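Below are two complexes that have chain A in common, paired first with chain B and then with chain C.
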Partner chain A sequence: MVVGFAIVAAWELVTAVGVVAFRKPMYNALSLVANMLGLAVLFLMLNAQFLFAAQIIVYAGAVMVLFVFIIALMNPEADISFRPGGTEWVYGVVFGVIFAALLAALLFNRGLTGRPGAFTPEVIAAAGNVQTIGTALYTRFLFPVEVTSVLLLVAAVGAVYLAMRRIR
Partner chain B sequence: MPVPAYTFLLLSGAVFTLGAIGFMVRRNPLVVFMCIELMLNAVNLAFATMSRYLNSLDGVVFAFLVITVAAAEVVVGIAIIVQVYRAGRQMDVDELDLMKE
Partner chain C sequence: MTLDVVVETLIKAVIVIGALLTGFAYLTLFERKVQARMQQRPGPNRVGPWGLLQPAADGLKLFFKSSSAPSSRDRFLYLLAPMISIMAALASFAIIPISGPGALNLFGHSIGWYVMNVNIGVLWYFAVTSVGVYGIFLAGYASNSKYSMLGALRSSAQMISYEMALGLSLVPVFILAGSVRMVDIVNAQHTWWFVLPLLPAFFLYLIAGIAETNRAPFDLPEAETELVAGYHTEYSGLRFALFFMAEYINMIIVSSVATIVFLGGWWGPFGILPGPWWFLVKVVALLYVYVWLRATLPRMRYDRLMALSWKSLFPLSLAMMMVTAVVVVAAQGTL
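Up next, the complex of A and B:
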């Protein structure tokens, strides 16, 4: 498991760098697909089978198909943030190093606290992963789920409106 | 537990940082959007990690809600980007300052 985690973690970092650093948007999108598939494997390692399936279907399936489709449709030229003499990458990397150091310092200073809950892997395995999460979604988290459904409806209506309208 | 929670969280932080760098440095709005997705994914990883190591379902449920909200966000965002593209504007987030005034 440790070896598997190391491989997937390296895969995640490499593909994340690819998302940020490739010049052509299509390569960025394909790196992001690879990153999301690796993340699905991490979810599987964390005993979150439901998230694994949702990640593959929603992200690697729907969202990334949308991205790749739009990129193929618009065919944007290579990004101009790579022009010679640009200083934004220097600032970006400096910011990133400071930010990551702060995150790590926070993690190791404060430690990980929290009260363990009742859903040990054995309990979840006895009832089934999807069943357990479904029960939680429709009892304890009913209100957030309903709000999310309204949000999805609004997003669908807004997207249709934007697609119908011609600006300028 | 063979892999400690720290390593998962450090990986999550690293991916989030990479997404933040890309968000600030890149100019193409589509790539900026992809970097936002990268950051959301990193947060989902942190949620799932804490859910696993605290024996709780809350993190998984929240990660699921984040996935849903991200999908809605992508739909609307890409619709706006396509409209801007159809209006013939340059695909550069620095040039898109129509709403600044």
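Up next, the complex of A and C:
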């Protein structure tokens, strides 16, 4: 298990560096896809099979395909120029430090291994992984689920409106 | 995860891959023979008796062909794309149980009739096919050619659109079976196959499945008259063969999933055949429908194809899902 985690963690680091290090936008996007696939494997190792499938279907299979589409169609390579005297790196450093501080605070408060919750592997195995998540989402977390669905509906209606206006 | 489980899974994977590749080879012959019959001509009949060695001849020819490639290609992605396609196609068969119930007893081990029996079941199939889209899209992008790019755009848009309808058309089955695990779904059909109560869902799945595998009458990605050969225009030799294999193996997988979720998997009436044979018969019958449609129907126009998915199949699948849910709850007496 530890060896497996080490391999996946190394994969995650390499692909995450790839997202920012490649010069071709298509390779940046594909690194992100590879990163998300690795994340899905991490979910799998944490006994969250449903999240594994959802992560691949939604993020790697749907969201990132649209990114890749847009990169292939727009060809942003020509628009990107790396100016040597630019100030973009300041933002990178500031937000990088803030994010690292957040992660460090979490690590010191909670420790590396976390605490066992109500859903132990035995409980999940008895009810079934999909069934457990489904029950939780549609009983205890019903309100957030419904609010999110309304949010997505608003986004879809907005997208249709914007597309219609351009045609007129 | 002990060593013998790993070894068992590896052996099963090798057997399944071998069977799928053989299935692919003879599916091409099956398609040519059936089409020839429908068009009143003999079809391939020179290599071996009834042309039975034709797939081997085709394979050898592709193997010895020199692979040409466009010089302005993206070298890495051009090589990666066919690999993604074939890996996605082969990996999705891992969840298909070809027989049951129970397990096979060999050498004192009890061996299940599947490569893996995962909790997420059908979701594994959707996850793997959604990665398969990258194979097609990257092939078009990396070839750096207009025909390839247009074909890739078309087919990925088509696959993403029909994946929605494909997934939703299976939800009524999950509601009835109360599980997404393949083995549970088949066992729930011991008395009645789900195709009887869920006939509309079966047809929705079949239409979406044909579009998902980019087959006629939805074979717009490779509409020869306008796009040469679509996303694999710039591929030749064995690299082309990988895309070809992926397409035919995907046909086998869509038929296998339909057999499992709608046609009762290994269950057959009167117990006249053992389980794996029933499975095979049903899959071949569905593959025949594929070939039949290709020989019969003209290709659809692209905007019609997208309209069919978003304006017909998608709402119909949603309606089917709601009706099933209401009926199941009403039957349980909790409404």
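Here is the rule we go by: the second predicted complex is superposed on the first by the 135 of 168 C-alpha atoms of A that agree within 3 Å, B and C clash if a C-alpha of one lies under 4 Å from a C-alpha of the other, contacts with A are read in each partner's own complex, and residues count from 1 in each chain.
The rule is short, and it goes like this: a residue touches a chain if its C-beta (ideal position, glycine included) is under 8 Å from a C-beta of that chain, and two chains touch if they have at least 3 such contacts.
Everything quoted here is computed from the prediction, not taken from an experiment.
Visitor: Taking chain A as the common reference, can chain B and chain C both be placed on it without clashing, or not? Answer clash or fit.
Guide: Verdict on chain A: chain B and chain C fit.
Visitor: Where does A:F50 make contact in the superposed view: on chain B (first), on chain C (second), on both, or on neither?
Guide: The answer is both, since A:F50 touches chain B and chain C.
Visitor: After superposing on the shared chain, does chain C or chain B touch more chain A residues?
Guide: Touching more residues of chain A than the other partner does is B.
Visitor: Based on the superposed arrangement, let me know which partner A:G92 touches: chain B (first), chain C (second), both, or neither?
Guide: In the superposition, A:G92 contacts chain B only.
Visitor: Tell me which partner A:A118 touches in the superposition: chain B (first), chain C (second), both or neither.
Guide: A:A118 sits against chain B, while chain C stays out of touch.
Visitor: Mind working out whether A:A62 is in touch with chain B, chain C, both or neither, as first, second, both or neither?
Guide: Both: A:A62 reaches chain B and chain C.
Visitor: Given the touch rule stated above, what does A:A136 touch, chain B (first), chain C (second), both, or neither?
Guide: First partner only.
Visitor: A:V33 in the overlay: touching chain B, chain C, both, or neither? Say first, second, both or neither.
Guide: second
Visitor: Using the touch definition from the top, say if A:V19 reaches chain B (first), chain C (second), both or neither.
Guide: Touch status of A:V19: first partner only.
Visitor: To be precise, I mean the smallest distance between any C-alpha of chain B and any C-alpha of chain C in the superposed model; what is it in Å?
Guide: The answer for the closest chain B-chain C C-alpha pair is 14 Å.
Visitor: Across the two complexes, find the residues of chain A that touch chain B and also touch chain C.
Guide: 50, 54, 62, 73
Visitor: Sort out for me which residues of chain A touch chain B in the complex.
Guide: So the residues of chain A in touch with chain B come to 1-2, 5, 9, 12-13, 16-17, 19-21, 25, 28-29, 32, 35-36, 39, 42-43, 45-48, 50-51, 54-55, 58-59, 62-63, 66-67, 70-71, 73-74, 76-77, 79-81, 88-89, 91-93, 95-96, 99-100, 103-104, 107-108, 112, 114-121, 132-133, 136-137, 141, 144-145, 148, 151-152, 154-156, 158-159, 162-163, 165-168.
Visitor: Where on chain B is chain A touching in the complex?
Guide: Spelled out, the residues of chain B in touch with chain A are 2-3, 5-11, 13-22, 24-28, 30-31, 33-35, 37-38, 41, 44-45, 48-58, 60-61, 63-65, 67-76, 78-83, 85-87, 91-92.
Visitor: Hey, which residues of chain A end up touching chain C in the complex?
Guide: So the residues of chain A in touch with chain C come to 26, 30, 33, 37, 40, 49-50, 52-54, 56-57, 60-62, 65, 68-69, 72-73, 128-131.
Visitor: Write out the stretch or stretches of chain C touching chain A in their complex.
Guide: Where chain C meets chain A, its residues are 74, 77, 118-120, 123-124, 126-131, 133-134, 137-138, 141, 149, 153, 156, 160, 163, 179-181.
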